[in-house]
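For reference, the structure I am asking about is given below.
Chain naming follows the written order as A, B, C, D and E, and within any one chain the residues start at number 1.
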Amino acid sequence: MKRLLLASLFFIGLILIWHFIVVAEIWSPVLLPGPASVGSYLWAAATDGSLAEASWVTMKRLMIGYLIGCVIGLPLGMLTARSKTLNDTLGVLALGLQTLPSVCWVPLALLWFGQSESAMLFVVIMGTLWSVLIAVDNGVRNLPPIYTRAARTMGSNGFHTLRHVILPASMPYVISGMKQGWAFAWRSLMAAEIYVTLLTGYGLGHLLHFGRELNAMDQVIGIMLIIVLIGLLADKVLFSPWERFLHRRWGLNG
Amino acid sequence: MKRLLLASLFFIGLILIWHFIVVAEIWSPVLLPGPASVGSYLWAAATDGSLAEASWVTMKRLMIGYLIGCVIGLPLGMLTARSKTLNDTLGVLALGLQTLPSVCWVPLALLWFGQSESAMLFVVIMGTLWSVLIAVDNGVRNLPPIYTRAARTMGSNGFHTLRHVILPASMPYVISGMKQGWAFAWRSLMAAEIYVTLLTGYGLGHLLHFGRELNAMDQVIGIMLIIVLIGLLADKVLFSPWERFLHRRWGLNG
Amino acid sequence: KPAATPGAKPVLRFGHFPNITHVQGLVAHALSRQGKGWYESRLGVEIQWYTYNAGPSATEAIFARSLDVTYVGPSPTLNAYAKSKGSEMRVLAGAANGGSSLVVRPAANINSPADFRGKKVATPQLGNTQDVQARAWLANQGFNITLTGGDVTVLPIQNADQLAMFTKGEIDAVWTAEPWVTRLELEANGKIFLDDKETNVTLLVSSAKFVKDQPDLAKKLVAAHKELTAWIKANPKEVRELLKYELKAETNSEPKDALLDKALGRVVLTDEISRSSLDTMVQSAQKAGFLKDIPDLTQLIPSL
Amino acid sequence: MNLVTELANPPPAKLHINGVSKTFTTQRGSVHALDKATLTVSEGEFVCLVGPSGCGKSTLLNLIAGLDTFDSGTVQMDGQPVTGPGRERMMMFQEHALFPWLDVMGNVLFSLNLKPGLNKQEHVEVAKYYLQLVGLERFMHANIHELSGGMKQRVALARALAPNPRVLLMDEPFAALDAMTREQLYVDLQKICKAREKTVIFVTHNVREAVCLGNRVVLFSPNPGRIREEFIVNLPRPRDINDPALAGMAGEITKALKGHTAKPAEE
Amino acid sequence: MNLVTELANPPPAKLHINGVSKTFTTQRGSVHALDKATLTVSEGEFVCLVGPSGCGKSTLLNLIAGLDTFDSGTVQMDGQPVTGPGRERMMMFQEHALFPWLDVMGNVLFSLNLKPGLNKQEHVEVAKYYLQLVGLERFMHANIHELSGGMKQRVALARALAPNPRVLLMDEPFAALDAMTREQLYVDLQKICKAREKTVIFVTHNVREAVCLGNRVVLFSPNPGRIREEFIVNLPRPRDINDPALAGMAGEITKALKGHTAKPAEE
């Protein structure tokens, strides 16, 4: 309760300061629109439905791409961590591609898939896949060997060890890897949406870009707020339950 | 030695497959230029100096922004992890801003700083700062409490604990956080360079964008390769020594 | 930001686009490159040239105080003027009219305005002159146009992409400016549906601060611009070489003579500010939903 | 418990360790942890290993478990070379090695689930029986990090005993236990080994414990780790740790141990 | 070592634990770990705590160290309430709690560096002295993960002893050690405590160890954790662990311990 109050007070304070800076006209209103005008843009966009639609378009792209990336990346990461040959080939490739900002795929994606949803999906998958793969690989490698050793003397091996020891034991890493994958996917999708217009639907990135094109900074800041909100929400819904579980079961004070 | 050989063979194999696909003209050469034409672009760009210059411009932006981000983010992360009040205010703010892809700052940055280096720096710093802060905060929170407890009974407290226990004990987290900060900075800089043309110098992102504008896919792929190369190199130079040290000293088999 | 070192000439930061509709900018920039600076000699200043790809970047630069004067289209100008409540932008002179057209794809079967229902029309950029014109024109035909959809989908797509998508049949029509109109005609079999020769397409614009702080220089600048416009009209041969030289320097590709001639033929150079054209543009922008209330235009055109 | 006593009784195994050496190489040089160790453990025998800290006891256990490779020599079970770990050789580690992602019950069930031939219901029954044996029934659903040091060790013991392996390799299993619990477990462990004829290798620092439990006590000396001497313990079973005859023998062995490591505990 | 014996000798402290209770609350309910514990330790006294696993011994030590809060009661040192940990009360944890980012020497130096009044050179000398004491001189530059279980415990002991604290809180410090090393350390610890008049609280499961070291042995019983009985040990010092008089007293205490926990080790 007290913590919530403190946080709220802090943010209300921030907004008030922002408001007074704008009112005092220290900077031109073009450079920094006030909270009132941002609020009124958000209200208008919320009531005419364009905000909800753009959020939906963006979330759909993100979700599908992210899921595909995880579903491919998780098992591949396990494999590269366990097999030397795979690690020296696929692992090195993944390391390279992981350092490539996935927005760099945009030109090729547009060429290969046209200005379509598939191009966006491709970019999002490239953003997720490699980082999930690397994180899982890393997590499996960083396991205290005592766990697998103990399991092996109990007769566990092969797939059983993978499923019942390595996967749960690397959980803290896997979850943080999936979180990072999410962050990369989110970033690449925004960059891609800001960069290219799609025929199949306008996402939040497009609204942000349009805000810039029209010199409408209230729109830009409004959309930034929405993006922050969605990011926080996704964190709460997708990752917090897992982290709480780990906290309770493992005694990690996260 | 054998591992290196295997990896080389794998990549040579990949390039050969790529070459034969192009030669067989399964897809149009516009969609997928062959390794030969990518190589000749790279050769030309390397000899006329444009590649080196663009890499230098990009690296300079990245390095300066990243350093500033780390220097601010590291101590702030320590503070938010240790102080409840700071965590409920600055911590929440950081969490929010961390979920904001820093390419979203580009429109505001351009408006505030003009089409200048400062705008790029701002975007890179926003990409680094919050994620380093959050990672350090997280690392400090996830420390096994036994370390600080032991240190405190030995008379360590305040800054001494921070400097001699918390910082080294959270090293594995801090390094992975700095790595993530690097990845975010790298991604945001690329996105920003692809998105806006700067008057003060063309970076790799610009070359990639121009490649797209000119439908020169050999240039696009060539620049992508360079970006991968720089990413791998940065990893080797900046982070590998630390990770090796941790491996040896802590016995983590990373 | 370049600060004047004592003893050195004052610096004027000047912008333009590498487009045919920015003939004056291209020619003056080329002359500067060749050491025969047009504005330099007439104003006694040093010119720093900046090239932009789109209106918003140029107006942004004026907001950010990193640019003094630029050639730019009327729509971004009016938009920036309105968004800054009349405090930042000033129009000094006209530069070019016309040069923009609505091109349709033959296979799309568009013969009358009513045929646009359900079609996809591309414009170079959201809120730029052609985009506003397209949205207003379509609205005038009775279509419901929204930012992200409606009876006709208006899509802001970069010029280079437009050409490719037009060829592939992914878009049905394009409202754009030269040289892209001509390229669509020559390379993609586009048909001109509507040709616009009256509307202001390029203006000479400056920051309000520039006019306020250096009114004399502004006056000299306008005079030099008028002189340049007249000189361009009088020397088409030399101008063509200068354009080719400059476009090659800026975009790394030299336009073909045929393309250049055809495109130049559609652009009408002028130094007049057409007040009625500006008013129409304001109404169009309102119709397109980009301007919420009518800006007070009294300060837009300063008397020098 | 009916079910538990009725579990199939596999024949105990014969272990043959022949001239096994192992060297660890670190940055600061190499440590000769085990030097030509030779040891034969016959079927159903209970062998205790004692020796100073760092003399290679844990290392030897790891080799027998098949968890580590060695430089030379052979390790055989029933005449077959040991190539890797297996369910029939269950190891109890010096660090408890419990799985933090499972609760207490889950940890015990882990080893049981790998044993073929029982259904889920029976698994739970067996697990409960062994948790009762170590006195932790009430903590069935506790998380591992909520247990005290000794409680963790007892869970690890239950986990090792539950699937009834032929060979038990135990690395200081009772180090963190109080005397009471320990004495109870001495009685229980002897009972279990008698009933099931298990082959056990048991590392301890407590010579009395070794004499109480073992058929044989093997002495190690460090630097490099070597097997020095063996004592056959012929006392009648069940043995009581407080038995004076046992204490006498322990004294004898302790003296021998001191003899081998003249310098005060420096390795 | 000259330097070591010359270190300033701070007066030993008087500890007062009065009616202290502590309950852990977990998801499955709460554990009453300590119930109205009252204990007075006078200056230079060596008190041993024994009791079954999970009876709250580690919990009590943590409270005295000032590391945890408690529900009721008071903990005082020299008449001042303990509000947090401090250098004068050094704790040796049940898990070794060594810092993996430092090598062996670094760990011992850590506590020394916090002690004012000595220069770097002297720190190193003192650290070397204590590493020699625990027989680990040769492993000065080893990484923590390269040590055997007992070696880690010995490093922790050196780290706790080196800065010469007034109060030593030791949680099963010798559990993973072999008899030889252990006996040597009994002798050394008694010597150190005599020379420096340290106040020590020492948790162990080994009743003989408790009688050998302590002026007083305090018995705990579990569920809830309570102090049950105290034994004053009046044997002359230095004591030998193999002394029959000592063994007799240990037997007596063990009997008492069994009496308090009638049920077989179930908490």
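As a convention for this text, contacts are C-beta pairs under 8 Å (C-beta built on N, C-alpha and C of every residue); 3 or more make two chains touch, one makes a residue touch a chain.
Treat the numbers as computed from the prediction; the structure is a model and nothing was measured.
If you take chain B and chain D together, the chains in touch with both are A, E.
Here the spacing of chain B and chain C, counted between their Cα centres, is 38 Å. Averaging Cα coordinates per chain places chain A and chain D 48 Å apart.
Residue positions of chain B touching 2 or more other chains, listed in rising order: 110-112, 212, 248.
Multi-chain contact residues, meaning those touching two or more other chains, occur in chain E at positions 95, 143, 146.
Residues of chain C in contact with two or more other chains: 60, 63-64. Chains touching one another, given as pairs, are A-B, A-C, A-D, B-C, B-E, D-E.
Contacts from chain A toward chain D in the complex involve residues 146-147, 149-156, 160, 164-165, 168-169, 171, 248-251. Against chain B, in their complex, chain E makes its touches with residues 62, 65-67, 84-91, 93, 95, 97, 99-103, 110-111, 114-115, 143-146, 159, 163, 169.
By the touch criterion stated above, chain E contacts chain D in their complex at residues 24, 26, 28, 31, 50-54, 58, 94-95, 135, 137-138, 141-143, 146-151, 154, 172, 175-182, 184, 205-207, 242, 251, 254, 257-258, 261, 264-267. Taken in their complex, chain A has these residues touching chain B: 3, 6-7, 10-11, 14, 30-31, 84-85, 88-89, 92-93, 95-108, 110-112, 131, 138, 141-142, 145, 180, 183-184, 186-188, 190-191, 194-195, 208-209, 211-212, 217, 220-221, 223-224, 227-228, 230-232, 234-235, 252-254.
On the side of chain A, the complex with chain C involves touching residues 28-31, 50, 53-54, 110, 114-115, 196-197, 199, 202, 206, 209-210, 212-216.
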